[in-house]
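Right after this note come the structures.
Each of the next two complexes has subunit A plus one other chain: subunit B in the first, subunit C in the second.
Right, the complex of A and B next:
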């Protein structure tokens, strides 16, 4: 394509392959030219295969085996179960499948809420931080702290704050504001969902803030000035200028936040340990429990593969829908 | 052009190297230490107040071993939160330590993997014979009738730790011997504004240890004789209910303890907030938290009536640590020598003193250090009224499913929801359904 264009631009009519003229060296030269980049990519590609794809393939193979404690020492001897592990995982009338479905629904609800809140808070903060004012740099840095802290240290601090007897949360809600009749449990029982969501949003929104802030830098100020001249208020400016301009940024941001939150293992694990309360039984910990704690790596792998498929479908549908939407908007 | 060619050659070489190392990765077995007959790798469990403390306790002994045999032991102290995962990973990959500590309740589960060297008569002879070890400790080394998967290293038992000061203030002259007495004493303690009994409601292993003993006291077992889960029989349901009722009905365990899982109940006891604690070999732990030995007393764990003994008078599990040899070791002789060294009288005395545990080796128990009033209670319990947890391959799953059920029941109790025979049975039913069927 490019060659044709350049040729036309030169205004010369060159027949692209001049036959007969030094065919051999030219062809090898071309092969070299085309081949070299791939050759240079080869080490990276192999590494990618090694660290990424091979474990995935092994995981998929494992999901078809009955890999319990009796066989983990020598995988080869583990009997093939065909779709047995999958059948157990999706048999929603039986306890294992039922628990998985419950955990899946909790995770979906949790992820949607967390992503929505992260995005909302992050975007709001970024928009307000757009105008220059004294102390803006300090505030920006402060906002990024939750994102920069090591996960374990941050979450274990939340564990202390959520404690029933001496926790800060109960101290404020119950002892000082008298909002609750008696101190609440946050780490066990139904409230654990709220606790998990709080920590997840606290940890996740600075990333949204960071990305949206970067996106905002690319919107020309003139647009806002013109809009202001035309009498658009703050809300209209956000709706008509800011959000449409951030469209491509948001598309990636929401997808990434969704995948990260859905797969998050550290937060629930540090908050609740290896046996999460029913109300906050996220799928990553659930699968960990199914494989590591109960020593059934086959079923655990089957569940992981199902989760992978679900995320693939979600990602595919999301990208298709948002890209089409954008094309329509652009047209 | 030359530089491009060089780059291309470099890329190809690197790719080949990568491919070669990827293929070769699996076949290099044995780990770094195993290949030489003069070294061993040893994974120790965290027995002292911290990993640093353990290193200080163990390193001089390992040096002694090196002097005697010329074998250098590389020590790694693995925290409890990682130990089982590390062992599973080592089992799967075949690359692990030569010798390792395991929680004795894992013996049967790990035995089923085939990763540990079985201790048949021949192997036992190499370390001085099976009869060096006391029976209660040998009862927790694997499935009955099979060669043990490990040998006992440290023994521990549950006891009732009580705060002497709080007892005196409440006018209680002696520690409770039955649960009824404990609940009655609890009312008097509460009048003095203190908490009665500490527990780790969210720690699944602790929950299992307690409901197992309550089960025994109700004449019930969690597994049938042929190793099938039987969590919903009347005795088990009554046992679990009695334990949770200590919080739900008797209010002896404070509601806040339902979320404890990081030994907060030990801290509460050490700080004098709680009057009683059921714990295994807590002395070293309490000392590190600033509670001296004259501040608390140690008594046997209460029973339903009468005195602790066998059968329904059982008042503790056989807790402890076993020492195992990884079957893949390249130095089985050295590993066996090391086990012999660690289970020898001298090392048993030194190590069990340091960890305030009881030697599972009969001849080492005679040392006066293990006859202090505190240790006498533990020794007596181990000898007369302690029973090993079920030695079945599914023990690990049992801990998770039933331990979680008890955790959820505690959460119910803490939230003020009723804990009834039906609700207990429903939770146990669910736990049983989650057990492997094969």
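Right, the complex of A and C next:
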């Protein structure tokens, strides 16, 4: 922090913001002005340090310790175990590693499907609602309701709908449409993956809708007018103008959706409770389970660090790949 | 905003009608279930699902307050989410102003670091943060763990990165000439921020406030670990009905509806600002 402040003192900032400022009496004012941005940033920086960065470092340290319930009162005294926790986590032949791998694969599959569906539904809805029509404002407000609802209230409603005996889903599929031979279980067994995906898409797509809608406002009208003069129809305009113009919006949107969905804890936790079914064992809940139920925080931390590393790599590769793609498309 | 000067073709209109109708159904069914079940007598929600209630009753809305101490949870959530929102918005305004209006060393590092905290899995810093709060409490006597203060502190940092990011974009769209004129007129930099930039960026600030409030109001993971009996928020409190899961579904739905109304109403009233805010700020 201090080094950056002094370094900035002879940066170009000064000459730019106060050209030809006299030395001497103005000096304190100048220092104040140079310090000002840092002063303004200080609260944000301190809080991010306290709540995110310092705990993250502690978490990384913990992952190298044998931190079981015996040491939880004074975790500094827990013995070091080197890479022991990591070895346990990635030993896919043993139960712990095997379960983690399974949970990881489930999470990746779930995340890809959920992001794809959220993006598809959100974009389609936004493109269809680009023009004004009667009821558009009402519909837009309505579509944002799943996003606005508190997660637990929305997910509890879905839990009720997925109940075996008195839920709506079985009533419609079995009693009314006769699609299934007998009522299905949705919150345990293999169906739980479908249930989780449904709830996740229901909650997630309005965010994509919101962002794409905002992105559409930036497409200049003249583009459409020129295309119309050239005889391009509605569908062609969407394919040639609307979708390519959304490229940069999509780059951020898809990344954010991916990270949020991958890290999501609230939805599976409220949907299934503490013990998620195998088929829907998302990694956040899995690690929570591994830490708080077995009281083995060292291994839990190692798993979280692995998860973070994975996300870092994915994000890096994604940004590199999409940025290059964008440059190529722009050229 | 009309897209093209000519009328859209029939295929477009029809596919739009079908798609939007289906989507409306998908969105509304759970909302309908929540609202209708909250007015049903217990027999209706314990037996086979019925689309229409056999009779309407407001009994669940009376009972929810005594089955669990819902009023206390409600007050806790209001305090926590309200305070987190106010602090988060103020801090974000200052930080975004610094980034938008000043050139300084480390600017890019700051924005990238702050944004990348969005990427951290909450589970990674849940336990360390818990230990940190307990240790700070032991060392200084400031009770962060189990208190509303600790939760406020935690939640405000959750919404901070997105808020800063969005406000930077928004402040950038306010012409610099305006605050430079104010500086010439003798306002300090803070005067320029408060008198010129903030009023011009009200939609963006409202949008950020809505986002911060929703984030704090809906969070489950940290609330379930970091609260005690007296500071429990709605997110955890609502699960108090869960031991009675298959018994009082009408009450659970009524409680869900009651806790949703403040945020959904606020969101729908202010969503116009959110869209303008996003348009001017984040999405460019």
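Keep this in mind: the second predicted complex is superposed on the first by the 289 of 331 C-alpha atoms of A that agree within 3 Å, B and C clash if a C-alpha of one lies under 4 Å from a C-alpha of the other, contacts with A are read in each partner's own complex, and residues count from 1 in each chain.
As a working rule, a residue touches a chain if its C-beta (ideal position, glycine included) is under 8 Å from a C-beta of that chain, and two chains touch if they have at least 3 such contacts.
Owing to the predicted nature of the structure, the values given are computational and were not obtained by experimental measurement.
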### Task
May I ask you to decide whether A:234 touches subunit B, subunit C, both, or neither, giving the answer as first, second, both or neither?
second
### Task
Classify the contacts of A:250 with the two partner chains as first (subunit B alone), second (subunit C alone), both, or neither.
neither
### Query
Regarding the shared-chain residue A:139, is it in contact with subunit B (first), subunit C (second), both, or neither?
second
### Query
A:69 contacts which: subunit B (first), subunit C (second), both, neither?
first
### Message
Going by the contact rule stated at the top, is it subunit B or subunit C that touches a larger number of residues on subunit A?
### Response
C
### Message
Per the contact definition in the header, classify A:185: touching subunit B only (first), subunit C only (second), both, or neither.
### Response
first
### Message
Per the contact definition in the header, classify A:210: touching subunit B only (first), subunit C only (second), both, or neither.
### Response
second
### Task
Quick one: classify A:43 as touching subunit B (first), subunit C (second), both or neither.
both
### Message
Which partner chains sit in contact with A:81 here, subunit B, subunit C, both or neither? Use first/second/both/neither.
### Response
neither
### Message
Between subunit B and subunit C, whom does A:261 touch in the aligned arrangement: first, second, both, or neither?
### Response
neither
### Task
Show which residues of subunit A both subunit B and subunit C reach, each in its own complex.
36, 40, 43, 47, 50, 54, 75, 163, 165, 273
### Task
Show which residues of subunit A lie in contact with subunit B when the two form their complex.
36, 39-40, 42-43, 46-47, 50, 54, 66, 68-70, 72-73, 75, 94-96, 99, 163-165, 183, 185, 187-189, 273-275, 277-278, 289, 292-296
### Message
Per the contact definition, I'd like the list of subunit B residues that touch subunit A in the complex.
### Response
4, 7-8, 11-12, 14-15, 18-19, 22, 85, 88, 91-92, 94, 109-110, 112-115, 201-202, 204, 254-256, 258-259, 261, 393, 396-397, 400-401, 403-404, 407-408, 410-412, 414-415, 430, 433-434, 436, 438
### subunit C - residues contacting subunit A, complex
1-6, 8-9, 11-12, 15-16, 19-20, 23-24, 26-31, 33-34, 37, 45-49, 91-92, 94-95, 97-99, 102-107, 110, 113-114, 117-129, 131-132, 153-154, 156-157, 160-161, 164, 189, 214, 217-221, 234-235, 238-239, 242, 246, 249, 252-253, 256-257, 259-260, 263-264, 267-268, 271, 274-275, 278-279, 282-284
### Message
If we count contacts the way the header does, which residues on subunit A are in touch with subunit C in the complex?
### Response
4, 7-8, 11-13, 16-17, 33-34, 36-38, 40-41, 43-45, 47-48, 50-56, 58-59, 62, 75, 121, 124-125, 128-132, 139-154, 156-158, 160-161, 163, 165-168, 170-171, 175, 202, 210-211, 213-215, 217-218, 221, 224-225, 227-228, 233-235, 237, 248-249, 252, 256, 259, 262-263, 265-266, 269-270, 273, 283-284, 287-288, 291, 297, 300-301, 304-305, 307-308, 311-312, 315
